[in-house]
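Some notes on the structure that comes next.
Naming follows writing order (A, B, C and D), and every chain is counted from residue 1.
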Amino acid sequence: MFFKFVIRRVLFSIPTIVGIVTLAFLLGKLIPGDPAVAALGLDLDGASTVSQEELERVRTELGLDRPVIVQYMSWFGDALQGDLGRSSVNRESVTALILRAFPNTMFLLLTTISTAALIGISLGVFSALHRGKSADLVARLVTIVGVSTPPFWLALVLILVFAFNLNLFPMNGSVAEHGWTALVLPTASIALQPAALIARMSRSSMLEVLSQDMIRTAAAKGLGRWTIILRHGLPNALSPVITVIGFQFANLMGGAVAIEVLFGMPGLGSLLINAIFENDLKVIQGVVVIVGITFALTNLAVDLLYSVIDPRIKL
Amino acid sequence: MEMNKPILQLQGLRTEFKTGSGWVTAVDDLSYSVNPGETLGIVGESGCGKSVSSLCVLRLLPEPPGRISGGEIWYGGEDLTKVAETRIRDIRGNEIAMVFQEPMTTLNPLMTIGTQLCEPIMKHQGLSRKDAMQRAHELLQLVRIPDAKHWLKGYPHEMSGGMRQRVVIAMALACSPKVLIADEPTTALDVTIQAQILALLKELQDRLGMAVIMVTHDLGVIAEVADRVVVMYAGSKVEEATVEDLFARPRHPYTHGLFRAIPDIDSITSSEGAPTRLEEIPGMVPALDAMPSGCPFSTRCPFVIERCLAERPILEEKAPGHFAACFRELS
Amino acid sequence: MTISSAVAGHGQSTSPSLRSRFAKNFARFLSSPLNCFSLGLTTLLFLLALLAPIIAPYPYEQINPANSLSPPTWEHIMGTDQVGRDIFSRVLYGARISLSMAVMTIIVGLASGVFVGAVSGYLGGVADEVIMRVVEVFMSIPGIILALALVAVLGPSPLFIVLALSIRRITQFARVTRGAVLGVKALDYVAACRVIGMSNVRILFFHVLPNCIGPIIVLATVLMGNVILLESTLSFLGLGIQEPTPSWGTMIAAGNELLTFAPWLSLFPGGFLFLTMLAFNLLGDGVRDYLDPRGASVI
Amino acid sequence: MKIRNSLTGAYGLRLSIHDCVVALILAVAAFTLVGASVARADDVCPKYGGTFKTVDISYSNLDPSQVANPQYYMRLLYDGLLDFDHDLNVVPGLALDLPTSDGERYVFKLRDDVKFHDGTDFNAEAVKFNVERLIAGEVRSPLTGYWKKQLKSVEVIDEYTVAFVPAGEWPTMLWDFASSLRFASPTAVNELGVDHGLKGAVGTGPFMFKSFEPKNLMILERNPNYYKAGLPCLDGIQARVIKSGSVRALSLIKGDLDMINTFPETQFPQFQGSGVIVDEGKSSTLTVLAVNTKNSALADLRIRQAIQHAVDGKELIDNVYAGMGEEIVSIFPSWHPAFTVAEELSPVRQDVEKAKALLADAGYGPGGKKLTLQLLTGSGGAHTQRAILLQAQLANIGIDLKVKSVAYSQVLTDLQSGNYELILWQMLGGPAIIDYAWNLYGSGGPNNFTFYNEEGGYQNPRAEELALEIAKSNDPNEVRAQITELQDTVFNDVPLIFLNWRNHRTARTTSVKDLETAKLKGMEDLREVWLDR
């Protein structure tokens, strides 16, 4: 039964993935500037001469002279085989570039979302249990401030205070160099927003669940307060919270782009920004495809998670 | 029924709710008692305070917005309104158990039936999970759930309403309580299922010898199971009598109205439920924060006299064992 | 599934008389001091933006090289930037840019999204299936990535930025509207409309949509803060509004170089960005608690 | 003959064949001495060891065919046949001496003691391999077209002798050899294919490839077998990309970095009192507004002159470069041997009244039409600030300058395609005269993007003539008169609106020793740099 559900849901995400790959292709067709010029890698000071034949040669090499539909089919076929082409800037395979950047981004996103979920759920439950009291109000204000702080601005402040003045964490660099300390400030910069939203959802969901009959039933059984909250309340409150976590995981990518650039983390965000500034079409397409598929699969995982948590959800 | 010392006794219970305009009284000076083995019926319209008062027994009233502002609830020498939180938890589900109205929502949808049944057993009787499961199995058989073994691993949503209510009852009976409070246990069920559940409750009560407080708005249910009846209106007790007395000669205009609202016995069994029956009492129950200064029923009472509007009648014994709060004598 | 059922519940609770209910209870909305605060702050920000030409002490583009990088003084209450432009004036005009872009984005997203969602939800069947597939494709790509890729493709002109930011809003509005329409569609009065022979278009736009307005309003309010942040992130990354047009994101990025030496460069635009988001988030919260307490429009 | 000419006119060295022979003897003698003292090579540096941490501006590939700034990263991994000294004079590198010419070919004698990092020999075959790889376009390189045009063939004479046959006139030959022809190990190139430069990069340079993540981090380690015995002093080099200006500056102050060479001048105050040494180089980049002389309005000389008179390059220096620049007094940078102060500077000085008069004369300004021009510029930092100042300066004479900021790479693309009205451009020249003359003003000059002297653009046959003459000579003293005249001509023709020279600058911590800020941006020589800590 569950297996059938999984299969069905997985099949369901195939059109989405096809759509993402197509979208990435269309994006490439819209991009201005001559990819062949970009491919030749102009000297930053513009002191180079590129002959017309050179450009023609590169155009042929990049397949820019073929009909669009042929380009699409070959793009699609290659993408299926994990071949997203080569960077027009340095000829590195886009798949390799992405594989190198992907773990960095995922590491950041997973750390952040776990931190945010932990803080958010705790804060939300705390708030719900103290509903209407000043603790609740304080918690709500904290979350609203958290949700309203621009991550890139927060990052600047954190760098100045914690990396420069207090010298507690590195300002720049990847986990590979500095270990987990490299994640602290980037995570802190972008965790605030999802944490706040998760807290808000946990609070309202928890309040709703706590008002339900089954909580009274559990209490009538003589169960302790925390048993009721953790065993009966929380699991039932979790479904909408997981939805929010799933959405926030994808939204995190938004903050992560600026944060990766600011902290010099070699992730997908940095890769994308570099590619955009260098007109590196294939890399832009590759990042769109990978990010799209990742979050399509995240949605899938969230749906599967529902059915694990809630036996009522079938198909 | 043997009339021993009451096992549970409410004295002058008073509860209030916080609303936008201050505290309003939901239950006002309510007293009743129930003896071992006896079934006490509490009847009244929704919002009359019958459910609230029964929640107070196990201190399940949500606080805030509610609070118990006066009175005592005596259970075996202890005032339940004052005992420690840990003590009341020991009592809940163990010595006094409750069955609630909505079988669809009273069970945790994410837990197997078995696990939910085990919880009170493990908590109160200290059994291992395995032994508790065994006991849960027996309980499911006790409430006549077919294929009990299978259902231990089942989830509530896989069951019909009637089966779920059986599970709820089984859960309440898990630790052989001395008092069972059943709050509208059959309201949400089909009429045929209602009858089965009531019969089951009755049978189990006889077998286990516990006291039952049956809270309902349905006089048909009262007629079927109760020994003694308390009629509540707008937070107060307006009449109390044995079920025979009450049905033979209701002495409060409200009770009177309730009987009048029942067309005839056939329609009880053929129509879906009770809500329409009360409509023949004209007017509405006054809001809790807008109680008339005199008799609370005066706004709807066909027998109202001047005195009713100025003064609040107190409960008096109109006949042996038959109390009513009314200035008029109904025949 | 959770979303649509919650919306269905919502639809029932706010049946036909929503408009009068809304008007009647506006006072109740304002009874919460927090709502008053957020509505006041939002209004103030809009006023500042609207009246920027009157309030701003200097033209936003007026340079004064002789007085560059001046810390806050009475003349320049937020200091001046590298070429001596008045930060306060630029922050005010920045509000104009941010708010107008956000409002335009929401309008485009709302108009198209509601239309798509309503049609999809009302028609159902293959059309619904196809539309929802397309929506899902766009929903899978995080807003910033989509916006960045589109801006990279189309170029960072205000029109294209609005377009790039709108696309994901369209899908969000479409989803919420669809859910709400599905809920309302199932209600009896819609069946009644059909029975008396009303046309589908009339039913959808005059009887179904008006009752779906709650979650849509909530989403619009909640998204305002979101869009403002996205726009300033694009600008911060150098792919949004371009100099010399003032934008908070660009100003923060420009101040980044001189963080320790001239903190006012990024402090004030950042502060205003924060205040704006705070105002809209609080307002969004208030509106949500008020119109959609079950959180159907959380996305 | 032409070849001889260009050879003898080499860049301030002005070597004759005789000089070459003398130099050769001296070099051999010096080599013998160095060779003799190999055992005591450690004495070359006061202190060895340490990893030098600096920033890298977005290197994407380390293959020798790639050109990018700063150039020094390439020169860390690879050597050319020719090298530069600190004053940008061309000196022998992997070649034992400057090339000799037999009238048809340049012949290089190679050192026979050089090995690639992978242990294979550096020899004439390796030279041929690299040159042919570049010309064949096997690697995608912006240099391919140029080398293909200049070079007919390359011939191996013996294991350590190689000859280059030019296709024609090649005045900048020595500079080109020194700056853009570098050698990778043929073995490694064959092994790595297109991944050479990414997964590995094997040259003969002072440092060896350790790890490289494009746009992120490059780690190099010391080459113990470097042909200049005893060098380099450092154990390794770590260069990372830091996009955030504040993080770059703060990292340097904090000591996470040893040196940065890309930072806005406005950051200078931040370094004050922080123990960071800020060093100013020479006027290394020419800041101009490239003018599209095909544009109907801009084809009008009066309008170009009006713009030139409206702008004030000094204001840009003071406000954007924090004073670190020089005003235009010549079309050559002040350190250049061809530098000649123009007798009449008024054409390139601000004169608002004159500008207004010129504009009015052309039919614009008060009472006439409103002139609106679009300026394309890079985004952020100095790019933006300069554009804003220029906008205000032009507004003074009634020209409405619309500023469009895009990524600088896009600016360059548009510049080369001629798709613009005005472009704010920084031109980084080399030490060759031609860089500042023919290349900018000759028809078909590789950096002439203004259509000056080209079909459809603004033409001045005299300027074209002068540029050609100067290009043929390359000896400043020989063509001083022509230089002066060309200078006056272009100052009057304004194909470029001359703004100023921007100085190159570096900032380093006190522990960095013997680092000399180069005359040209990114040309710092790190071989002799050592760390005192």
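Just so we're on the same page, a residue touches a chain if its C-beta (ideal position, glycine included) is under 8 Å from a C-beta of that chain, and two chains touch if they have at least 3 such contacts.
As the structure is a computational prediction, the values presented were derived from the model and not from experiment.
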In the contact graph of chains, the distance from chain A to chain B in steps is 1
Just to be sure I understand: the centre of a chain is the mean of its C-alpha atoms, right? Then which chain's centre is nearest the mean of all of them? A
Average the CA atoms of each chain to get its centre, and name the chain whose centre is farthest from that of chain A. B
Higher C-beta contact count, A-D or C-D? A-D
Centroid of chain A to centroid of chain D, CA atoms only: how many Å? 41
How many angstrom lie between the centres of chain B and chain C, each centre taken as the mean Cα position? 51
Between chain B and chain D, tell me the centre distance in angstrom, where each centre is the average of that chain's C-alpha atoms. 92
Intercentroid distance (Cα basis), chain D paired with chain C, Å: 48
Any chance you could list the residues of chain D touching two or more other chains? 244, 246, 250, 407
Please output the residue numbers of chain C that touch at least 2 other chains, ranges allowed. 155, 238, 256, 259-260
Listed by label, touching pairs are A-B, A-C, A-D, C-D
Show which residues of chain A lie in contact with chain D when the two form their complex. 33-34, 37-51, 53-54, 57-58, 86-87, 89-92, 97, 100, 156, 159-160, 163-164, 167, 170-174, 177, 261-264, 266, 270-271, 274, 276-279
So in the complex, the part of chain D that touches chain A is made up of which residues? 57-58, 60-61, 66-69, 137, 139-146, 148-149, 194-195, 197-198, 213-217, 240-244, 246-247, 250-251, 253-254, 256, 285, 407-410, 412-413, 415-416, 425-429, 446-447, 449
Footprint of chain D on chain C - complex, ascending: 61-63, 65, 68-69, 82-85, 155-156, 238, 242-244, 253-254, 256-261
Residue ranges of chain A in contact with chain B within the complex: 132, 211-214, 216-224, 231-232, 235-236, 309-312
Touch list for chain C against partner chain A, complex: 1-3, 133-134, 136-146, 148-150, 152-155, 225, 229-230, 232-233, 236-239, 249, 252, 256, 259-260, 266, 270, 273-274, 277-278, 281-282, 285, 293-295, 298-299
